[in-house]
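See structure below.
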Amino acid sequence: MKPRVAVFSFTSCEGCSLAILECENELLDVINLVDFVRWREAMTETSDEIDIAFVDGSISTHEDVRKLQEIREMSKMLIALGACAHTTCITGLKNRFGMSQVKEIVYGPDGAQFDTIPARPLRAVVPVDFELPGCPIDRGEFLRCVRDLALGKKPKLPNYPVCVECKRKGNVCVFFKGMKCMGPVARAGCGALCPSFGDYCEACRGFVDNPNEESHKETLTEHGLTVQEVMNYFTLFNAYDESQI
Amino acid sequence: MTVRVIDKQGVRRLVENLQQEAKVVAPHRREGENQWAFQEVTDPDQICLEYVTTCLPPKEFAFPTRETLVRYRLGDPFAAEAVIQAEPIVLFGVHPCDIYGLQCLDIAYCDEHCDPNWVARRAQMRIVGVDCIPDEWCFCAAMGTATVDSGFDLFLNALGDGAYLVEVGTEAGEKMLAGLELREATAAEIAAVKKRLTQRIKRERQIEEDTRNLPLRFTGKAQSPVWEKHAERCYSCGTCVLVCPTCICFDVVDEVSLDLQEGTRDRVWDGCMLEDFAVVASGENFREERFQRLRHRHFRKYAYLFTKYGRPYCCGCGRCVRQCLVHIDPVAILNDLIAESKGGATRGA
Amino acid sequence: MALELCQCERESDLYVPRPTRVTRVKPQTTLETMITLQFLDGADLGHRPGQFVQVFIPAIGEAPISICSAPNPENTFDLCVRKLGDVTSAIHRLQGGEVIGIRGPFGNGFDMEALQGHDLLIVGGGIGLVPLRGVIQYVAQHREDYGEVTILYGFKTPAEQLFRDELDSWVTEGQMDLRLTVDRPHPDWSGHVGVITTLFPDLKLNPQRTKALVVGPPIMYQFVITECRLKGLADDNIILSLERRMRCGVGKCGHCQINNKYVCMDGPVFTFSEVKHMWEAI
Amino acid sequence: MNTGKIEVHEVTRVEGHGNIILNVKEGKIEELRLEITESPRFFEAMLIGRKWYEATHLTCRICGICSIGHSSASINALENGLGIVPSEQTMRLRRVIHAGETLQSHVLHVYFLAAPDLLGVPSVFPLVSTHGEVVKRALRLKRLANDMCCDIVGRHIHACSFRVKGFPKLPTKETLAALRDRLVAAIPDLQATVELIASLQLPHFERETEYLALYHPDEYAMYTGQVIRSTRGTETPLYDYKHKIQEYVVPHSHAKHAESEFGAYMVGALARFNNNHEQLRPEAQEAAETMGLQPICYNPFMNNVAQIVECVHCALVALDELNALLDMDLQEEDLTVPVKACRCVGASEVPRGTLYHEYNLDSEGFITSANLIIPTAQNLNNLEHDMHRLVPQILDQEPDDIRQTLEMLVRAYDPCISCATHLLEVKFV
């Protein structure tokens, strides 16, 4: 039987769920591999019997926590879809402020009624079987993940930095063009997309297992960034810090 | 044989002639400061023969960054076949160090087992060498690769104004010159090139030891503080080994079509500086620490393979240190090792 | 030009797996299973004990696995596999009858001729017994060529014991001295308890005549080698088999290198004197 | 239905989380509202303390559908503030990717989200077997639209190299030519789309309201415009947007609502059409006629039709721009930007309407405050007014049909709820 697949969204831009719909050339093959049984953005039906749940978004309200636990209950396998679910992505930037401060700032005196907690990745709330990183996910990586699951393989992420893919592409390192890049510490898998388009890597896929962060902070400083700017580079997609919540 | 001179127009015609029969690949300028890359020639005027070094070495034309080794159809039984794709190709404008690098891979890829993909591509490859422009990082003189006397079909030595002294390496090279009217070189021209080549052997970045003794300098150096000192800022990003003309390692990955009908086994460039290179299925990592990986890379280049094949597996092109963001430098490492084994302490340690 | 250097013939099928039929599946423990294979054309694999093959499961991938049987007249060979990842799990899903791919045999294997006339001390820890089973079968087939054979086999719990139904025949037909041990006391176990080195004090062997063949997890080697040396064995006579990550099996991909040695070409079998100066070995 | 409560918990096939609540007692509406339950992300707060060059990549993450639109508004704002005039080459490339996104979003909306309603199925998936060709056509068009972005800026969702002043890497001529050829080949698919929509019956419903859209003297305003134009006859300069649009908080919504001096108003494809139809390509005007769309149209369901009109227009604009680019000699440009303290205001017409970005920078280029006004948020007010007008007209129907019609109305607006939840203004002191 084909695995029953559901897609859920929490605090995010939903770009990662949409990225699935952007597999236009492969979508018909995907439908042959799996059955979509629940996906609010794309369909009206719902189902509670789920083999694989793809969940995008970070968890940033009490309601989110409750719903995610429910999804975990009804799914055999839970896969974090994209940066928000994996590192909190930019939604973690609000964690720099206290929550009551954030609400006060944004809603004024009525703020207290709103439900918001520091943004956290899925794995901080429930056990997660696999994390597909990236903002948004890499379509190829998503397709490989679906295929591997259909074949009974465990999906794997590279544990080397973006520089590796950048080299394999034959790119000129953007440091030679006066930019500063997070590639040496960021986890590969995107095919060094940004440097290949002349931009620098912002580490949307999070870091490799053992990034040499100290060394990279020094490198960025040597290339002219201020301490604040270095912090910004490190936190744009990776602001979530366990110890802060 | 008389020594001939090819002028700017001649070079252009030579390229056009070669393009009749083969894909011609030559250095081109790339965006960014002082950047070049080997690229297929579409317009001979875009070729840039006066260049320092390319981002990737020319090995990619015989060992692509990713290539399919085996293709198979699923089913019972599955049907697998080798995929060996080779086409006539001319690498035009290769520096001596890179020619040396290709030879290193020839040896390693043909040792005991013969890698069919490498061999097929190399069999159809012709090389036109050109002498180089040094930069602040290269050290070919120290490695003895500033000049080569084999490994090319033609070799061009600059005379200025786009003219070159032509050295013929093979019969195929001689044939390449057919139809081009080349004048004979003057004695003064020959002397000028000779003089330049002799000077080339003495460059600033030197290794303070006869390179032939390098393997000796590695004995007893496994526990040297040199490794940790130099590895401190290493990212394990693999850039140094991926851009190296003499590095050979690869990973093999399986790709299966989404309809689950067919698949390929592909090899992609890999490198021993990467953290997971020596991880086994049980999870154990046999080179867990950065310094262990840095140590292995240097032992391999200057001791293991040197001893095995009688030549260093480093051509001194300087790509690794040039492109390493923290400029971890084999010359500095070698000199530290040499200083250490000559009795001094590690410099700066 | 380049190929002036190339002395070898072209091996265009170097990376192509040969179709091989799974003729039998024999589960061993919850983690290990044994499969028997035969080339579709019935050809002989032509291996020696201690060599390995690259097993290819279509659509999944390839993994190096030791051949765990001695050459036989039926031209079949056995593999015993622990379920650890993609390929090994796929091997566990085999039911028999399927066609999978094999490249090899690769590696040096045990030099069975050089072992002739010697007493053998065979030490297997856990799944390390797998490549040694080929040696044991070979010795049983050529029993008169070898002296006394002692087998030490240690495993964590009784449930993890491999080749259960064969062990008796090693003792009776093979006339070998087999000693088993489990790491920790266990309700289902009445035999020896303790790590494998605890079997050594009772051993009586002639260090001049004995060659030790040791295969096990990395942690086991240093302790067993120490015991062997205490028994007076020369480093040349302690023979090991090492495992590393491996991609090509033919000395190209670089993954299995230990110092200057390639496990796939120079090994997996090494003498202790070969590896004792290699800081990456054990 | 005369009495009872209808709740649509989590409206499906829209982007983001929203509920419809309708409570009727004896033929009278007691309660009717669209609840926006999407978790707020506090974008304006996120922006505080970030460098100016991070704004574009940060704000494009507001929305996965109109990410290019957010980048456009952001770049437009920064360039206005920092006094940068992009080159012709840059503007042409931007118009291609902007058209790509509009095309992709409209195709997604009409084929995947709205069409199942019209064809009576719960999602696009059953259509694969019943309307295989239609689905394949939609996928083809969507892929092409995506590639118009991917081939130039790396990806459509959260473009990599879409930056202030220009493009760090230029596409090759081969890439551009390939896109042009594919666009030419896609014309029949667009025609077929027009015919398909012309053949479908959309609900009749009208409510007079105000339509707002950007206006540009030289073109049908998409990437950006100069003034905010209203069907009520007013024109407001872009930097004065706060005088035209007032935002306010409503208790049932995590998204702010907006109104102009005339009350609720609508933005989006229909609003653009109603304001600027005479600037559309003739072929697009023809398509409008074929599908029965005429200015000024007060039927919000016709927004779907206006979207298809824009698909035709955008494809033709992109074609012209690609041809022009192929005739040019593309030049690497200097992308260095001098920074200064300034107020940056910009806007873009994104698939769902006018999107405003405003940042204030200090002298080092750090963002000190930000304000973002998102199209869906502007439309919510109008949408609720529509619902109040529509419900009495259909109250005699079965609850399921009422529910269905209300959902269709919500979908016709193509709301992007996750976007809308971030228009929360931050006042920083």
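First chain written, first letter: the chains are A, B, C and D, and each begins at residue 1.
Everything below uses one rule, namely that a contact is a pair of C-beta atoms (placed from the backbone, for glycine too) under 8 Å apart; a residue touches a chain by one contact, two chains touch by 3 or more.
The structure displayed is predicted, hence computed values, not measured ones.
A.B. asks: Among all chains, which one's averaged Cα position is nearest the averaged Cα position of every protein chain shown?
C.D. replies: So the chain sitting closest to the middle is A.
A.B. asks: Comparing B-C against A-C, which pair counts more contacting C-beta pairs?
C.D. replies: Per the contact counts, B-C leads.
A.B. asks: State the chain with the largest centre-to-centre distance from subunit A, centres being mean CA positions.
C.D. replies: C
A.B. asks: Suppose each chain is reduced to the average of its Cα coordinates; what separation in Å results between subunit A and subunit C?
C.D. replies: 43
A.B. asks: Using mean CA coordinates as chain centres, what's the gap between subunit B and subunit C in Å?
C.D. replies: Taking the average C-alpha coordinate of subunit B and of subunit C, the gap between them is 38 Å.
A.B. asks: Would you mind pulling out the distance in Å between where the CA atoms of subunit A average out and where those of subunit D do?
C.D. replies: 24
A.B. asks: Could you state the distance in Å from the CA-based centre of subunit C to that of subunit D?
C.D. replies: Their C-alpha centroids are separated by 65 Å.
A.B. asks: Subunit B: which residues touch two or more other chains?
C.D. replies: 31, 256, 260
A.B. asks: Find every residue in subunit D that makes contact with two or more other chains and list them.
C.D. replies: In subunit D, the residues touching two or more other chains are 169.
A.B. asks: Residues touching two or more other chains, restricted to subunit C: which are they?
C.D. replies: Each of 59-61, 85 in subunit C touches at least two other chains.
A.B. asks: Every touching chain pair, please?
C.D. replies: By the stated definition, chains touch in these pairs: A-B, A-C, A-D, B-C.
A.B. asks: For subunit A, which residues are in contact with subunit B within the complex?
C.D. replies: 26, 29-30, 32-33, 143, 147, 150-151, 159-161, 163-164, 167-177, 183-185, 198, 208-212, 215-216, 218-219
A.B. asks: What residues of subunit D sit close enough to touch subunit A in their complex?
C.D. replies: 10, 12-17, 37-42, 44-46, 49-51, 54, 57-58, 61-65, 67, 108, 112-113, 116, 122-125, 128, 136, 139-140, 142-143, 146, 153-158, 160-161, 163, 167-169, 249, 254, 366, 418-419, 424-428
A.B. asks: Along subunit B, where are the residues that touch subunit A in the complex?
C.D. replies: The touching residues are 30-35, 37, 55-56, 60, 65-66, 232-239, 242-243, 256, 258-260, 268-269, 271, 274-276, 290, 323, 325-326.
A.B. asks: Would you mind writing out the residues of subunit C in touch with subunit B in their complex?
C.D. replies: It comes out as residues 1-3, 5-17, 19, 40, 56, 58-63, 84-85, 88, 98-99, 101, 217-218, 243-245, 247-248, 250-255, 257-260, 265, 279-280.
A.B. asks: Report the residues of subunit C in contact with subunit A in the complex, numbered from low to high.
C.D. replies: 59-61, 85-86, 89-90, 93
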